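Next up: some structures, all given as structure tokens.
One chain, chain A, links the two complexes that follow: it is found with chain B in the first and with chain C in the second.
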Partner chain A sequence: MLLLVSAITFLLVNLAPGGPSALMRMDVTAEQRDVLTRRLGLDQPVPVRYAQWLAGALRGDLGTSMTSNEPVAWRIGQRLPNTLLLAGTALLVSILAGVPMGVLAALRRNSLPDFVLAGISVVGVSIPAFWLGIILILALSVTLQWLPSSGLATTGSAGDLGDRVQHLLMPAAVLSTTVLPYVVRFTRSALLEVLHQDYVRTASAKGLSRLRVVYGHALRNALVPVVSIVGTLVPRLFGGSVVTEAVFGWPGMGRLAVEAANGRDYPLIVGITVVVAAVVVFSSLVVDLAYTWLDPRIRLS
Partner chain B sequence: MHSAAPALLTRLLRNPLTAASLAFLLLVHVLAFAGPLGWTVPPQQTSALEALLPPGPGHPLGTDDLGRDELSRLLHGGQVTLLVGFAAMLTSTVLGLLIGAIAGFYSGWVDVVLMRFTDTMTAPAFFLIVTAIVVLGSGPLTLIAVIGATSWMQVARVIYGETLRFKAQDFVLAAEAMGARRAVVLIRHILPQTIPSVVVSATLGVGFAVLTEAAISYLGLGIQPPTPSWGNMLQNAQQYVWTAPALAVIPGAVITLVVLAYNFLGDGLRDAADPRLRI
Partner chain C sequence: MQWHSWRRRGAALAATWLLGVWAGVGCAPAAPVATPQSNSQQPQTGGTVTIPIAADPTMNPWHPNAFVESIFVNRVLFDSLTRPGKDLNPAPDLALSWEAAADGLAWTFKLQADAKWSDGQAITADDVVFTFNDLVLKKELGATGAGNFAAVKSVEAVDPTTVKFNLTRPFSALPAYLAYNAGILPRHAFQGQADPWAFNAFNKGTPVSSGPFKVESYTSGQSVVLARNDAYFGGKPYLDKLVFKVVPDANTQIAQALSGELSVMIMDNKAAVDRVKSAPQVRVEPRQLVQYYWLALNQTDPRFQDVRVRQAFDYAIDRQAIITAVEKGYGKPANSAIVPGFTAYYDPSHEAQYAFSLDKAKQLLSDAGWQAGPDGILQKDGKPFQFTLDVGQRGVLEPTNELIQQNLKAAGIQADLNSMEWNAYIQKVVVARDYSATVNWWVYPNDPDVYAYYHSSAAGKGFNIPGYKDPKLDDLLTRVQTETDLTKRKQAVTDLQTFMADNLPYIFLWYPQEIDVINANLQGVPDINLRDNMHYVREWWLKK
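Now for the complex of A and B:
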């Protein structure tokens, strides 16, 4: 799968009209262009270049950035932790908030709380994340002046935990809205499915309180499928991080991708796409493992 | 299918939310495409003296940083955004339909290869969009192609499931027993059954495409100024959030309402087409 992603991106970038060689500035002479072409290996056919790139990538060498002349892997390494922090916090927030919301919707099915939550979910998937970000900045930074509007931390106060949390709060909230609706809906339908099963009826028949039945018996089994959707949320979180980081000036992978895009930095953009795909694949692997561990009936085939 | 259409429409409009969404969408489309006939201020006419005016007489929605009329830009931008959204949805629906139906109908390695490919495309979708736009440029046509080519996976999964489901049913067996060719069975007998799901996916797809266009244009990678689109109107607006908040609030609110209406309409269509699917 990683091979496929890297091949698609690599081919897309290299087969385009002009291609990376068109990047060379207009003012260079023909000889200079020749030297550069050879140095970047652009005189080789595309499959050969892909094989070379792949061989490098397997050793952790993703090539050299065209705009800054720094190794691509190093530039990504600088930004990846920030995005992981943002995406991880957003994921945590959406699970901590989304699961109880889903439980509430399932228990009060077809009543007011259920409809309100369903409405919130639809609004959540319909609202452009960047616009929600702008509105939050307008409300919380401009009008109320509670939270800082952008950046990782206030300059000069690096390392201050409170300051960093303040900066993280709004971007994480905005990013979590891109996945929260899925957590709510999924928890709701998973719990509804479980609530109809015999062992839940047995538990109720034993005279256990409604609370113990739901939290002690039903929810535990309903949560197993909920774990599985975490794998599908990760790509959404990364996609959402591009705009969220742009709104809040968060120095992560998403902004790096936009910078690379605007600078036409081909090796960097290929590297970013492949690293994001790698994180996605790795997280779905972890989810699969967690899944089999939680539910022994499922074994990887 | 044809005789069921009026009944379907009745059921569709019985849900007040769906009916309201449909009416709102009709209104927005008529306004975007016919509105400029009534409000004739050119969307690209700049005026340094009238920059960043608040909503008021002469400019009902105010002006942007270059003194361009915000209402006019909203109407013309609506044409661009809605056309891109609609065309991208058509592209992704056709792609998803083809890939999902072929994967579901022809089992074996075709199935494995196509569905694997579908999973792969899902992983870094937004990053692939950014990459593709960098490489291919950012005209409206490229934008349509790129959004279409990176958002068909959901449709493909739905159609894949539907095709698998119908493939096992008696009418397909009957058609095969009568000697119909494989391709004919797929096109004449199975695909028509998937129309309700396709319509639902397509409706939800417009909303998704509008959101994607807005996000890409907001990043400065999509529709390029001076051509207005709802996304790129928000690009500069963020800078002026302190002085002219209306610039940031209005286009985003319109995007949200339109996408919301498409989502409600899609849900309504799903319920009307198959009430059993309601959970």
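Now for the complex of A and C:
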């Protein structure tokens, strides 16, 4: 599967008009363009270049970035943990906040809490991340001076835990708004489905408290479809991280991908696509395993 | 019920907070009131200045990847032979003085005797020789900016503090070009490097540098932190540190300038200028640039070969209105390639030429044989005056082209817009020259030598984008390029401006100004654009 992704990406990227940004500038002469084209190996046909890339990739060498002369694998290795941190935190926040909100909406169905949460969901899905990001920066960094507005840590230092958390707060909050509404809505509908099942009524009839019925029995079963949607949120988080990372100067994969695309850094683009595809595949695997843990009926005999 | 009262309280709290934030964002935040800058203040030592860059720099001014953001960092790290003077003329840097040979085929530079690299080694003529002979002039390396030194045959060290540039033809602008992103690199650091562009420990790590600040740490995607170089030959800087922080989003940069996280930034999008001007913690200063916007009409299209048509375009386009709309008034209509900043050469007598006049435009078009046609579009030989404007998505180009389209429509010309992503645009218009008309700009070194952009030999593959050819223009360009006598050169530049204004090889649009947003505490900053200012960071200081 990864092979297919790499082949398709390689082809598409090399077919795109334009070229590496070092060549595509107003102030580069024709002679320089010729020289650089040869140095970057772009005068060879696409299949030959793909074969060379593949030979390297199978050995673990994803090539050299055209925009920075550094190894592609190293550049991705620098940025991936940052995006995983950001996306992971956003996902955690969405689940920790979204599931209880969804439960509340389901239990108080068609009453004010439900409508408020529904309203928040619609607003959350509609608000563009870059707008929300800038508003938060203006409010919390410029006006109130509570939080820093960009970077992983205070410039020039590795940053202690408190410093890093301060830098993580706003970008994670903004990124989580892109997925929180889905978690809320899905938890709500999943729980509603389950609450009408016979076994729930049986549990209530048995005399169990409302709390035990909901959290002990109903929620566990409702979580199965919720886990599946969390799996689809991972690619959405990667996509959303592009904008969030740009606004907050967060040195992650999203920003790297945009820079690579704009600069036609072919090896880096293909490398990033393959790595992201691998992450998505891995997260789907984790989701599948979570199913079997949550629902014994799904365990293969 | 308990829940309801909580809800009410919570809602009230949220509403109050939201209103407070909205009000707070709307008002200027509390900050120390800036005292007016006075020249008699004594500079104080200490402090850190933070400057934004959009992406990671490559710390080698000649590297093919060293453009845009790298320029700021490289100008601080690597001194060059000359630097842009505060009056734009070349000022001494590593070179104390320079002189052209009698036949104009060589320039000799006398260097500082006691300049040192950050690792303690002496900076000598050998470093200059290495930089040029082994990097810039080696065609197979494709060094960035090498095209500016096409007339340099070789560089030789006469003695450790004297270096001679041997030329293939006279080149009066050499001292000015040596101030333009032309840092000298340390020969000893590059010993044994097979490929200087792959020397990542230098280019992307901790280079051996010569400037007032040297690299302390480089964190990819985040920042380059420079620390003061106490042994700088030009004198110890006042600041402790200079930090280049990676802030890719332009709006975040403005927010950080207002919050104090950035000390100085360039405001590319001038729409928010008035808002920022009212903030007391920053000052907003316009700066002169060596830049002009132009409209190129491809000379392979016979319609554009008639000078009356080009002049008609100039009259039809309301340039002052465009400046007001897209540059918020920070600019001046242009009628030649010579910018007002070249006070010794700029001829203001052309300023009133081509003031917006739809009548004059229509008259000229009619003289050129264009008659009224259906739908209000002019036609000639049965063909309508219609073409496509290729628009690159960058800066103010899109709104500018929209305004030009409207102006031309009023004159009876149909210009269709084709908006393209920047990289693809360069491929089509600049590399393939597959275009009819396009708007763009030139930035060039601080010298009126514009041969490379206008000479007939530069048509097709060179920087002469419209492909305009005229032997009279070629002659003028050559005179400007080779004349060493200042009076004769001024005359040549004056004649050049007259030719350009009358014949319009490019349709000159306007000279923009740069808007710098500077923290109120940052002093000692000369009144020059930020890139040129990088040569003067030794003089910057922070008021406590």
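Basically, the second predicted complex is superposed on the first by the 257 of 301 C-alpha atoms of A that agree within 3 Å, B and C clash if a C-alpha of one lies under 4 Å from a C-alpha of the other, contacts with A are read in each partner's own complex, and residues count from 1 in each chain.
Note that in this section a residue touches a chain if its C-beta (ideal position, glycine included) is under 8 Å from a C-beta of that chain, and two chains touch if they have at least 3 such contacts.
Just so it is clear, the structure is predicted and the values come from calculations on it, not from any experiment.
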{"item": "First, second, both or neither for A:V122, with chain B first and chain C second", "value": "first"}
{"item": "Touched partner set for A:T9, first chain B, second chain C, both or neither", "value": "first"}
{"item": "Chain B versus chain C as contact partner of A:G239, first or second or both or neither", "value": "first"}
{"item": "First, second, both or neither for A:N262, with chain B first and chain C second", "value": "both"}
{"item": "Which superposed partner A:E70 touches (first chain B, second chain C, both, neither)", "value": "second"}
{"item": "First, second, both or neither for A:T273, with chain B first and chain C second", "value": "first"}
{"item": "Partner chain in contact with A:H167 - chain B first, chain C second, else both or neither", "value": "neither"}
{"item": "Shared contact residues on chain A - chain B and chain C", "value": "16, 130, 134-135, 137-138, 142, 246-247, 262, 264"}
{"item": "Residues of chain B that touch chain A when the two form their complex", "value": "116-117, 119-120, 122-128, 130-136, 207, 211, 214-215, 218-221, 234, 237-238, 241-242, 245, 248-249, 251-252, 255-256, 259-260, 263-264, 267, 279"}
{"item": "Complex contact set, residues of chain A against chain B", "value": "1, 4-5, 8-9, 12-13, 16, 122-123, 125-131, 134-135, 137-138, 142, 189, 192, 232, 235, 238-240, 242-243, 246-247, 257-258, 260-262, 264, 269-270, 272-273, 276-277, 280-281"}
{"item": "Residues on chain A engaged by chain C in the complex (per definition of touch)", "value": "16-19, 21-22, 24-33, 35-36, 39, 67-70, 75, 78-79, 82, 112, 130, 134-135, 137-139, 141-145, 148-152, 155-156, 246-249, 251-252, 255-256, 259, 262-264"}
{"item": "Residue ranges of chain C touching chain A (in the complex, touch as defined)", "value": "7, 21, 24-25, 29, 50, 55-56, 58, 63-65, 67, 139-147, 197-198, 200, 203-204, 216-217, 219-223, 225, 241, 243, 245-249, 251-252, 255-256, 258-259, 261, 421-424, 426-428, 430-431, 440, 442-443, 461-463"}
